[in-house]
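Presented sequentially are two complexes of subunit A, the first with subunit B as partner and the second with subunit C.
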Partner chain A sequence: MFVELNNLLNTTPDRAEQGKLTLLCDAKTDGSFLVHHFLSFYLKANCKVCFVALIQSFSHYSIVGQKLGVSLTMARERGQLVFLEGLKSAVDVVFQAQKEPHPLQFLREANAGNLKPLFEFVREALKPVDSGEARWTYPVLLVDDLSVLLSLGMGAVAVLDFIHYCRATVCWELKASILYLMQGNMVVLVHDSGDAEDEENDILLNGLSHQSHLILRAEGLATGFCRDVHGQLRILWRRPSQPAVHRDQSFTYQYKIQDKSVSFFAKGMSPAVL
Partner chain B sequence: MLDSLLALGGLVLLRDSVEWEGRSLLKALVKKSALCGEQVHILGCEVSEEEFREGFDSDINNRLVYHDFFRDPLNWSKTEEAFPGGPLGALRAMCKRTDPVPVTIALDSLSWLLLRLPCTTLCQVLHAVSHQDSCPGDSSSVGKVSVLGLLHEELHGPGPVGALSSLAQTEVTLGGTMGQASAHILCRRPRQRPTDQTQWFSILPDFSLDLQEGPSVESQPYSDPHIPPVSKNAKVDPTTHLTFNLHLSKKEREARDSLILPFQFSSEKQQALLRPRPGQATSHIFYEPDAYDDLDQEDPDDDLDI
Partner chain C sequence: MAAVATCGSVAASTGSAVATASKSNVTSFQRRGPRASVTNDSGPRLVSIAGTRPSVRNGQLLVSTGLPALDQLLGGGLAVGTVLLIEEDKYNIYSPLLFKYFLAEGIVNGHTLLVASAKEDPANILQIGPVSSSRFGHYYDASKRMPQELIEASNWHGFFLPEKISSTLKVEPCSLTPGYTKLLQFIQNIIYEEGFDGSNPQKKQRNILRIGIQNLGSPLWGDDICCAENGGNSHSLTKFLYVLRGLLRTSLSACIITMPTHLIQNKAIIARVTTLSDVVVGLESFIGSERETNPLYKDYHGLIHIRQIPRLNNLICDESDVKDLAFKLKRKLFTIERLHLPPDLSDTVSRSSKMDLAESAKRLGPGCGMMAGGKKHLDF
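After this line comes the complex of A and B, so read on.
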């Protein structure tokens, strides 16, 4: 969790907004530091987190998490974190006979139309457990990242449907027996292909942008690589519940990633150039 | 004009983008319709019913007939709660009404439907729904139908958008500048020229429309005092105030087209060079040498062997 980013977003783990979809997007740079930020943020906020990690292994996130002050291993052991390690379970799908559908079942099927097994996995993971007291504040779904699903053969509309169902469940579901409004949050990462004309990716990115409440866009600098400024971050708030209170606002900051934190500054105000 | 959008009936396209979202305008128009006593149906596919109804007071909420296709549009929960036939079935059912009451159908969103249904089917159903009141025979009994479709421009190619645009009676494209939203309204009345107009507006917290004048010229940043302020609706023509002429008249264009390039060696040029025209040697040079001139009659190139 990067404290400076919390300040920019005007949020803390104690009083984060619920029922929101946050879209992380990166163009010409690596936006995974945002994923690590939100993972540690929601673990510190005592939320039940379902992390669909399709890009890196568990140990990668765990090592970065330790630098940010959370222990993923312990969170997984006490049931706070449900981790789908895409890289490992993809192998299971292909080489082991599964009786019930595996979340990554679409890898096996030639014409997998939809991501329903993955959605079922998420729903099971975030279902409130009927124990006496509520241990976790609210559920959170984190996906890293969605563009890889397009590369694995799913269509953009199938991925949008998956996110639609996740939103309907995580952000808005009413459980049948107990009237329990699971106002959870979702954070998804999509890569922006930029100049490479990837129509499916553009449909996915634009479709998600329209559904998101907050868009964080990490872009590389237009002038190229720089040692002191690693990129710029555009923050766009959309869909405020009260229109005209803060009409879609957009801010841009530049950032530098350090070992355990990320420092943000206004454009052109990097300490290295002042 | 923005507040009389629904008076015409037919299909009204609300084209929005990521930066300028259109759902608040859709809700404002829905509220206006409901307050006018029309029957209002909402086909909710993109946001949940709670989120759509948020901001409306209970009076409005009671008048809205909400068809929820957000919770389980593809029937993944297999509970058969969803309307059979999905959103398309619900739209088709609305084609068969016989009420004299005017009705407004809000599609939230048309983009959602267009991504999942074939464009031709969707266009046919939209045409059938929005033109119910103009079909011969029963025209007196069926009230005016307005269909409000929210379309996210970036999601579709020019083909489907063009098809929907040709079906629409009115197209509202949302944009804006400096935090102020604007709507460019293109209106196609039958047997009249299409009219277009840009209206600046804002939506108040209770979803009523507030029409505005637009950002004042003085508040534009970086305005150069040497350039006269441009009126809001005029487009700046960069070819005015130039010191050179960028346009060609017809005669000039013909002359340019018939010009032979100077270094193009055509047969005429060859003949002209071989046979000098008579009267060519009509120019003489008169030279008065002064004291410092060294006139040497010898040809310096004499020793060259050409």
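After this line comes the complex of A and C, so read on.
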């Protein structure tokens, strides 16, 4: 996790808010550093994390995670991390007939209507284990990234349904015998296609923007490429459940990504310029 | 660090020598000891494969694209397990050259090749001759022919769609167009049978598989994204790319794809295809456009845009500062250079000619692409 980003968001792994949906969005730049941040943040916060990684392989996240101070292999071994590697699973699903429903079953079907198998996988992964003491603080679902599901043939409505079901399960759930409120968090990444006129993507992005509590938007600079400032991050806090009584808070920072961290500064205050 | 310890145990168990010591160009920055590469379960240490070298930045295994200038722009070469997507130029004159350079580099280094095309027989594609020799990255001449013994010595597989479409290759039901399904199955068979993914215990492959797919997305492959804006198969190509990338990530292979993106009607598909590929390079030739007679471009044959470079195993990537690049085919050698205004050496400089050059320079376009784009009218 990036300490500077924690300061900007006013959180630490010990006292993070629960029951929140965070939307990560990138427009004309690569916002994957935010995914790495949240992955390491929640692993350090001792949460049970289900990571649906559709765009890169496990070793990629693992190597970057090591730079940020978490070991994904160890987290996976001790059961803290459930990792769905989309690329590898897609190869399994397409080339071998599966006996049980596979989370990426929709790749085999021509007109798969919904993402139900994927949701079942997530629910199974984040189910509280009946072991007496609570090992992990709260469950977290992390998806990187949702726009890939659109490319793989799912409609925007199906993806929104999937997110809705996941929110209902992860953010509030009742365990059978005891009324146990399991307030988990969700973090999803969606690309903003900008002027590429991707209607499905716009529907997905707008739908999620209205549901989320925190939106982090990584954008390229309006003036183009710059060696010292890699982009701009807009942070927007929202309260979707209440009508807009107060104005939503919004901050804008510029950032530069380095080998193991990201440094943030106010607009125009890059150390290279001053 | 835990990484070195686990990798060290992998190397010890397979008993392969760490070949960094034997290479003459070990610098003090190159860490001795194995590093994880892109593939997840890479068993034997990969440094000793011919035609590959570890990246300076993070030890990733790189192969040459066949064009040393392009290698430099991509940060040393193409990483094993990734896809290089070439957006074809309008009349498809220069992109086949890049395609052939990639394959010729494979022949010269002894890599296994897999050539797929719907337009011409793969055997005809492999005719390109090497000019110089070095350990990594050669120069090729399109007018010369590859020595016949090199081609015969190399192990290559061809996939010519008109032949294979009617074959009885066993395929799993899939929602892609039949051409793509057959091609995916063919690639997967080769990877599995020749052991590039390490799953076949008999065949432990220590070689790279270079895959080349020509004109993917064109109507010859049975896809209609170039014909209709919202065709029935609009997800076929993106699904194909996704599964292909899954195959590449779990095997020792690298892939080059040329795609006629200028023909794709739906712009959203181009954006999705770019996200699903690793390296995206666009070619824009001046033939037939008004730029052909523009004095700014008189030395060059076209522009080359590096639209995307992947961030693999890293938060940052090696993008170059130079965004205005042009290429030319000079005496059969393909060179990529930085585009610059020619020096104004005339005695009486007329006002109008200077304005022309400035106008054309403004239309170079936002060279940043995926890296960090901005509003077009503000770029300068």
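In this section, the second predicted complex is superposed on the first by the 267 of 274 C-alpha atoms of A that agree within 3 Å, B and C clash if a C-alpha of one lies under 4 Å from a C-alpha of the other, contacts with A are read in each partner's own complex, and residues count from 1 in each chain.
By definition in this document, a contact is a pair of C-beta atoms (placed from the backbone, for glycine too) under 8 Å apart; a residue touches a chain by one contact, two chains touch by 3 or more.
Predicted model only: the values in this text are computed from it and were never measured.
After superposition onto subunit A, partners subunit B and subunit C are found to sit side by side with no clash. Which of subunit B and subunit C touches more residues of subunit A is settled by the count: it is C. Using C-alpha centres, the superposed arrangement gives subunit A a vertex angle toward subunit B and subunit C of 100 degrees, stated as a multiple of 10.
In the superposition on chain A, A:Ser59 makes contact with subunit C only, while subunit B stays out of contact range. Of the two partner chains, neither subunit B nor subunit C is touched by A:Glu77. Look at A:Asp259: by the touch rule set out above, it reaches subunit C but stays clear of subunit B. By the touch criterion defined above, A:Asp228 reaches neither subunit B nor subunit C. Look at A:Lys28: by the touch rule set out above, it reaches subunit C but stays clear of subunit B. Contacts of A:Lys116 after superposition: subunit B is touched, whereas subunit C is not reached.
When the two complexes are overlaid on their common chain A, residue A:Gly153 makes contact with subunit C while staying clear of subunit B. Measuring only between alpha carbons, the smallest separation of subunit B from subunit C in this overlay is 18 Å. Put simply, subunit A uses no single residue to touch subunit B in one complex and subunit C in the other. On the subunit C side of its complex with subunit A, the touching residues are 1-3, 6, 36, 38-40, 58, 172-175, 184-185, 188, 235, 238-239, 242-243, 245-247, 249-250, 267-268, 270-272, 275-276, 311-316, 321, 323, 366-368, 370-375, 378-379. Taken together, the subunit A residues at the contact with subunit C in this complex read 28-30, 32-33, 36, 55, 57-60, 63-64, 66-67, 71, 73-74, 86-91, 94-97, 107-111, 147-148, 150-153, 191, 193-194, 196-201, 220-227, 230-231, 257-260, 262. Considering their complex, residues 18-21, 23-24, 46, 48, 50-51, 54-55, 70-74, 76, 111, 115-116, 152, 154-155, 179, 181, 202-205, 207 of subunit B touch subunit A.
In the complex of the two chains, the subunit A residues touching subunit B come out as 114, 116, 119, 157, 160-161, 164-165, 168, 171-172, 202-203, 206-207, 209-211, 215, 236, 238-239, 241-245, 247-248, 250.
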